[in-house]
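Letters are used for the chains, namely A, B, C, D, E and F, taken in the order the chains are written, and counting of residues starts over at 1 for each.
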Amino acid sequence: MNFAIVVHGAPYSSEACLSALKFAKAVLASGHSINRVFFYHDGVHTANSLIAPPQDEAPVSEQWQEFGTGNNIELIACIASCLRRGILDETEADRYEKSGSNLAPGFTISGLGQLIDASINADRVVTFGV
Amino acid sequence: MSTILFVFSRPPHGSINAQEGLDALLMGSAFTTCSVLFVGDGLMQLVAGQSTDDLGTKNFSLSFGALKDYGVTRIACSKPDLLARGLNKDDFLIEVESLNAAAMQAFIRNHDKVLNF
Amino acid sequence: MIVHTINKVSALGLCNNLIAEDDKVVLLEDGVYLGLQPLPFLVFAIRFDVDARGLGGLLAAHTESIDYSDFVRLCAEADKVCSWF
Amino acid sequence: MIVHTINKVSALGLCNNLIAEDDKVVLLEDGVYLGLQPLPFLVFAIRFDVDARGLGGLLAAHTESIDYSDFVRLCAEADKVCSWF
Amino acid sequence: MSTILFVFSRPPHGSINAQEGLDALLMGSAFTTCSVLFVGDGLMQLVAGQSTDDLGTKNFSLSFGALKDYGVTRIACSKPDLLARGLNKDDFLIEVESLNAAAMQAFIRNHDKVLNF
Amino acid sequence: MNFAIVVHGAPYSSEACLSALKFAKAVLASGHSINRVFFYHDGVHTANSLIAPPQDEAPVSEQWQEFGTGNNIELIACIASCLRRGILDETEADRYEKSGSNLAPGFTISGLGQLIDASINADRVVTFGV
């Protein structure tokens, strides 16, 4: 069975981002697949490469990167949510003439159509909200 | 093609949830059959006469008038939540069906996917 | 006199026991929805937030609309400000 | 059968009218506090969240603790998942 | 020197509010006279036996045991909110005064500043 | 009269950041002063220089920068909150070996002691929470 996972919560600020990761790992461990993870609303903060959490807190953002890259799963951050919240890849940084970019490896910035496409094509959609 | 029910439960303006939910609904309706259900303080998104000029934020409530043009199939709200807020449908900026509990449960059952905002 | 600010409906449950008789309540952001019903306090609501939500004609009779300069004046007159969110 | 997830106490008010008799409710994150009282639904609570909050011994008798693999199985068995937050 | 009352109203773990509030209280107690009042689901921060090993987050509840050592003057909770949650003080990991409405109002009055988290 | 203002909400995600700005402007317009604005919790996102909001939305973050710089008011972003959320000045970016920094001009990253100090020394403290 194929799952789409939607994440609305930022790491640390909300537990949603961590719950979604545990769920995603369990989906694969159960023999199911994930067609896409879509980060929307404050969830796009997960894709910020500049996060430097304390040693005694789980590095949720890094764990998502490893999960996505290691399992070849698309991690999409919504472009409109990213622009409002200051998460930019190099293309967007150039377009808006910003001093640098901060999109973490393993994440891709793309449009809301990716959320709809994932929802339509998955067998199940599960949202982790705030 | 999967049909999608969008459920809106947040009031407008205090956070961007409502606006980002509406963006997703408009996008969804370009791809497939979509409907929308307003519950809880999400009903407040529909209140007529919203004016954000002084607040300085976007008055996205104006876009609700275009939902039918975008092809959104059914626009509904929770009747118990409407009554609990002392509102009636005349307070709304568009026409909306109000559904009782059983009708809302059927509404959810009749769509393939549910996206909550 | 203490000014209590409330910025969402659910926050009323946190503070309704803590508001003394001579305190004042300022509703802002999504807290202005609380101004639709009568409340047992002296209640003010930020006009920008009321207008943004289309509530101008729906406020309870005793809910007074104020602007930010009134809000600042209430804070200055109070002994302290307590923010509920 | 629909799986409804609830991740905070206040979200129950959004969905209690929308949960049908044969639906299932999964409590996670701060939603597990709802597992302290009896609820008129089939209720499951994510064990990691129950333990983190020290609620192991306090859950209502009918609230069943589950882990993430059970949560995935419930989602797969359901027709769809509806998330309340 | 101003005294500060910290008011904690959020449950632990679901968001970082509770943890960041505690950090502020510990910092505050290094500078001036501080007390703390737990209200609403903030009381859940005090529940004994929290174990975050499986969740993988920080079990900051362990720091509550050190509040007195940090010089935090009074540690109190809302009695109505305690009763509403079916809890009693034996469920808590530290000793906490429970205050009725009038006592909570006096508690707020008797501090110069209030910081809410 | 001297005010301390505390902001817990991120721009766009929450209205708190915008309300606090309107309040701060009214404080000065009323002839009072502000000893410090302290950004805590998600409020530190206000200090992200990479935010590129849509044309039809108020640029809250830029407005804060202008307000702080124009009125010579300290805008402090809590360091612990910043590290968890990926807001870094050059010093912290170097310390954590990150590719770049994203602290907006007009903001300073500093410790929680600045919140306590501002609270103690102000006549009134007002928090804009989420």
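Couple of notes before you dig in:
The rule we apply is simple: a residue touches a chain if its C-beta (ideal position, glycine included) is under 8 Å from a C-beta of that chain, and two chains touch if they have at least 3 such contacts.
Quick caveat, the model's predicted, so the values are computed rather than measured.
Counting steps between touching chains, the shortest path from subunit A to subunit F takes 1. Between the contact lists of subunit C and subunit E, the overlap consists of F.
Of all chains, the one whose Cα centroid sits at the greatest distance from that of subunit E is B.
Chain centre most remote from that of subunit A: C (centre = mean of CA atoms). With centres defined as mean CA coordinates, subunit D is found 25 Å away from subunit B.
Centre-to-centre separation between subunit C and subunit D, using Cα means, comes to 34 Å. Taking each chain's centre as the average of its CA atoms, subunit B and subunit E sit 38 Å apart.
In subunit B, the positions touching at least two other chains are 13-16, 55, 57, 113-114, 116. Annotation for subunit A: residues touching 2 or more other chains are 12-13, 15, 41, 54, 57, 80, 84, 125, 127, 129-130.
Among the residues of subunit D, those in touch with two or more other chains are 7, 29-30, 48-49, 80-81, 83-85.
By the definition given earlier, chain contacts exist for A-B, A-D, A-E, A-F, B-C, B-D, B-F, C-E, C-F, D-E, E-F. Residues of subunit A that touch subunit E in their complex: 12-15, 18, 54, 56-58, 130. Looking at the complex, you find that subunit E touches subunit F at residues 1-2, 4, 16-17, 20, 23-24, 27-28, 30-32, 113-117. Listed in rising order, the residues of subunit C touching subunit B in the complex are 7-9, 29-30, 33, 36-37, 47-49, 51-58. Every residue of subunit F that touches subunit A in the complex is listed here, in rising order: 10-13, 41-42, 45, 48-54, 57, 61, 80, 83-88, 92-93, 96, 98-102. Remark: subunit E residues 11-15, 41, 44, 47-55, 57, 59, 61, 85-86, 91 touch subunit D in the complex.
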